[in-house]
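See structure below.
Chains here go by letter, A, B, C and D, matching the order in which they are written, and residues are numbered from 1 within each.
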Amino acid sequence: MDFTLLDGLMPKDISTHGYQIDRLLEYLHWFMLLIFIGWAIFLTYTLVKFRARQGHKASYDEIKAKPSKYAEIFVVAFELVLLVGLAVPTFAYVRTDFPGKDKNPVEIRVVAEQFQWNMHYPGEDGVFGKTRPDLVASDNLVGLDLSDPAAGDDFVVPTMHVPVDRPVVLQLSSKDVIHSFFIPVMRVKQDVIPGMSIPMWFEATETGEYQIACAQLCGNNHFRMSAQFYVDTEKDYAAFLAENAPGGDDEEEEEEEEDE
Amino acid sequence: MSAPVIRYIDEPHPVTGVTNGKFGLWLFLASEVMLFGALFSSYILLRVGAKSWPDGWERLNVPLATANTVVLITSSVTMVMAWVGCKLNDLGKFRFYMGITVALSFVFLVIKTIEYKPKFEHYQVYFYDGATIPGYEELTTITGHLEEDDFEKDYIVFAPDKKQPSQTLPDAEGHGDHDHAEGDHDDHGHGHYADPIQINRYDIKRLTNFGPAHSNFYAIYFTMTGLHGLHVIGGIVVNLYFLLFGAGMFRSNIAQFSNRIECAGLYWHFVDLVWIFLFPSIYLL
Amino acid sequence: MSDHEHHDPGFIRKYVFSVDHKVIGIQYTVTSLLFLLFGFGLMMIMRAQLAYPQGDFSFLERIFGEAGFVGGAMLPEFYNQLGAMHGTIMVFLGVVPLAVGGFGNYVMPLQIGAPDMAFPKLNMASYWVYLPGGLIMLSSFFVEGGAAQYGWTAYPPLANTQPEYLGQTLWLVGMVFLITSSLLGSVNFIVTIVQLRVKGLSFFRLPFFVWAQFITSFLLLLAFPPLEAAGVMQLMDRVAGTSFFMPDGLVIGGRPANVAGGGNPLLWQHLFWFLAHPEVYVLILPALGIVGEVIANNTRKPLWGYRSLVYSVIFLGFMSFIVWAHHMFMTGMGQTLSIFFQTTTMIISIPSVIILTALILSLWGGSIRFNVPMLFALSFLPMFGIGGLTGLPLGLAASDIQLHDTYYVIGHFHFVVAPGTLMALFAGIYYWYPKATGRMMNEMLGKLHWIGTLVFLNGVFIPMFVQGLAGVSRRLYDQTWYEHGKEVQNWTVASSWSAWLLGIAQIPFILNFFLSLRAGKKVGENPWHATTLEWAAPSPPPHGNFTSEPVVYRGPYEYSVPGDSEDYSPQFVQKA
Amino acid sequence: MGGHTVEEIKKEVRVYITVFVSLLVLSIATVLVSKLDVSMTVAVIIGMAIASLKGTLVACYFMHLISEKKAIYAVLIITVLFFAVLMALPLMDYQSNEAFTGRA
């Protein structure tokens, strides 16, 4: 479609799956516009034609409204097609079609708290260290259990870096209240619910600097619970990992925390 | 200006066959079904989702609850007999049975109080990892009696139960097995406590009595039986009103009066009905 | 319940603790209009913060004091209080009491020819439980920590935090009062409609408004108790320290929460939406009923497809109980469930479309009078239409991914309840005002009110769709924190200015409402030449309503019957 | 309730007494049965079956549902319908989580 309704209105889409959502929204809004214009024309015409005036009388009989039946059937059919053809498969794709190991996905744990996002990277071994709520402290935001050998190379940062053109799998959890992880340009949103660990995936197609937003009221500073979101080239991403690996310099990490 | 005459207060509507009052009361009961239904539903959801759930008969006082079941069922039958008294136009009979009904409802509340009370006086302490309490080194939690809890002091004085919950499960709840008498139904006996000890506050992760805050089991137990108890109190108010002030209407308009008693009865039987489901699902399962 | 004493009731019995459904209806109407005004006022303050996030509000600080402002800047907690209370007040203290308590109480018994409600004392009790409930909620603004600030949805665990502050606790207590009031009211409504219809008034001769109230009452009766249960559980969580909604391992503010854990935050959402989706229809159905009455009267012809309207409303009532989880697509719902709820959501849109179509088709072939009630009723149709249509992308889980919890949602449901339901409620006020007071409202002021309201309501809510599509989350104290928020900030400013102008546009209404009590043109029993039973009673009707008991001879909307000398044939007039 | 003659009422009283005795017996039974060592599922089925039986007795005889008017049945049918939806709620939660690795 060349002429689109929503192009200027929506943020740009840098995800591999986002076009499916945008397409659905586009169709829906065309449909809404069509119906609304139909109503508007009918209403205007009727109101003018059947206005009360000298010599005009209302008719007792109902109009035989075949067109209304057609319109209703059209609405039902359209909804059915959208539901079965687009909405359900898209949602299933986004929610259940997780990239397999062969795609070499990046795995990150996201631990939300009032009012920041903590990105827990598993480090070189690709295994997350164990975490325990009673270990949470100001210098251990996710409660990493350092006695676990897998925890040694883990690091936690307040910004998210992901490589471009490589799937990312997130495990979302929350320390305190319900948050909602939302990246407008990535067409992903998932409530983050304490007591649950909810997986989510996406794949970025364009490098750049974007924002993660919280979409669920989580307290006074809900409005500034954002985090920077960087889509890096593989090279930059490797540099980011190396920079933050523990044993190197931790200062970078702390500096970024203070930015929050 | 006279008050408008509203139809079908004492004679039934010709089409629906019921009086306004009875129809309204059933609608009210419908909403009550949804209220208790939501709580039952929440109970199931929380219990299914829980890592572990204690056995009701271990923690709660089944003999008292069984007695209460009998009390409530009896009060239900006396309630219906009070209505029969109205139908027979026998004020004495009505008063006799209504009196028993109200008395039994009070008995229910008294038993309930006896059941609740020890739970608020029985405590459990959970310790932080690494805390060792002399004499109870292997335990991460102990139950017992809180002798002293002075906020000025940095310790509490606690008389542990002689029989402590076993530690078969790693989780701090400590209700791993069924054979011990951790429940509080036996703690109104004497000589159950060991010598009091001092426990430093910095070792205490959590200190709670066996009230609603203890765990979701007790939360459910207190909320559901408590709400049921409120309904019992409501029933007492209504029934007592009819018992004490009903005689005038009994004499002047027996038809309307027996309709009212029927409605009060419907409500009371519903309260009974809720208990019939509460009792097994909280105490026995 | 017969009263023997009613010979010369004093002022208090007549106007304060009255058992007359009409007085209670007016009490509800006036109280809920005041609450609506108050809730609207809260929103106008919010809009100041939204439009000028770094603005200096010293003038507001002088009014509200230090609780909400520091150095002229609004505090986020104050903003959140305004938001939560705006939602609660508008829904539970404003629109529902106006639509059901006000119009339902006043009009429904008249329309079925009853002398009063089935349980007049219960009716009075319902109002006197509602009012304290509302006052308890308002009083929470004056306690330490301020009013409830966790959104009108009060999602735990957030709503369980800060138990030392009374605000949310009072909110819950107030809620229990309001729920009790609704339950008493709905029992009364259902019994009255079933038992007290006058001779000849069969179910299929009931005015559409009565049908709408009937279904609404069932929704209130059966959907509110689960919220009451949830409210009790949240109250226990806050007051008794239980963990119904608190899972294991919570760390709040850097410290492990001192609770047992093991609860489930989603349980609240399920119970809340089990009420709150039917609640949406509680907001809409009476409005549809009013619009049906006004349209039939002012097109001078029968409603198109009366029976299909009735069946659609019944169907809506049933379906509204099995769509609630479409508010929860983003909570991590499984595929089967999401498909189920998407399907039921699409199905429930069908009766809505049928109702709207029927109402629009009713205009065809009429002789349309453009008086003030009709203007409001007519603008309801496209406004409600926009509200309904914009629900589609939210009802499909895939498109909901982008739009969930954004301003798009706010735009959507406000179009349903504000330009939608409120328009209908205004239509109702203008339509039944002569019945309640015996005087007409001023036509000129009414039209001024209508055009201002229509224009500025759209001005407030259309920008929200733009914001929502841009991805701006709802409930943000300052959206310019985000890049995508900055880009659409000017839309927010436009929306705010519209809101303030909307406030000004209500002045003609307020003037009209009070001035017409004295200056309005006196009217007889049936100024609109309408057909339903309320117009058989004197204006205003006395205690007991009808001078002689009416009998119903025909359906509710017999306008322009061929062969009749008049263009209306009232239900209560026997004609050859 | 149709019966209003003294004779009929006396007959009803006999029914009430019978129901009362059965309720007592069933109450004792449910306590005794709970002591049996059976699996949770079986225990729930037995417990709820007895409770439902008792509930039915109370509703049918004490609350006179056995011979009630259609209007009341209609209200109850609607209620049962929505009650069923409410009882499906725990299922929702199960379904919500099934796709995921579970609770943290």
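The rule is simple: a contact is a pair of C-beta atoms (placed from the backbone, for glycine too) under 8 Å apart; a residue touches a chain by one contact, two chains touch by 3 or more.
Here the structure is a predicted model, which means the values were calculated and not measured.
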Innermost chain, taking as reference the mean of every protein Cα atom displayed: C
Chains linked by the largest number of contacting C-beta pairs: A-C
Averaged-CA centre spacing for the pair chain C and chain B, given as whole angstrom: 37
For chain A paired with chain D, centre-to-centre distance based on mean C-alpha positions, whole Å: 46
Intercentroid distance (Cα basis), chain C paired with chain A, Å: 31
Where chain D touches two or more other chains, by residue: 71, 78-79, 82, 86, 89, 93, 97, 99-100, 103-104
Residues of chain C whose C-beta touches two or more other chains: 194, 222, 226, 247-249, 256, 263-264, 266-267, 271, 274, 331-332, 335
Sequence positions of chain A contacting 2 or more other chains: 95-96, 134, 195-196, 198
Chain B contact footprint on chain D (complex, rising order): 4, 6, 9, 12-13, 16-17, 19-20, 23-24, 27-28, 30-31, 34, 40, 43-44, 47-48, 50-51, 54-55, 58-59, 62-63, 69-72, 75-76, 78-79, 82-83, 86-87, 89-90, 93-94, 103
Contact footprint of chain D on chain B as seen in their complex: 12, 16-18, 22-23, 26-27, 30, 33-34, 37-38, 40-42, 44-45, 48-49, 57, 62, 66, 69-70, 73-74, 76-77, 79-81, 84, 87-88, 265-266, 269-270, 272-273, 276-277, 279-281, 284-285
Complex contacts: residues of chain D adjacent to chain C: 71, 78-79, 81-82, 85-86, 89, 92-93, 95-100, 103-104
Residue ranges of chain C in contact with chain D within the complex: 194, 218, 222, 226, 247-249, 264, 266-267, 270-271, 274, 318, 321-322, 325, 331-337
Complex contacts: residues of chain A adjacent to chain C: 6, 9-11, 20-21, 24-25, 28-29, 31-32, 35-36, 39-40, 42-43, 46-47, 50-53, 56-63, 65, 68, 71-72, 75-76, 79-80, 82-83, 86-88, 90-92, 94-96, 113-114, 132-134, 136-138, 143, 175-178, 180, 182, 184, 187-191, 193-196, 198, 211, 213-224, 226
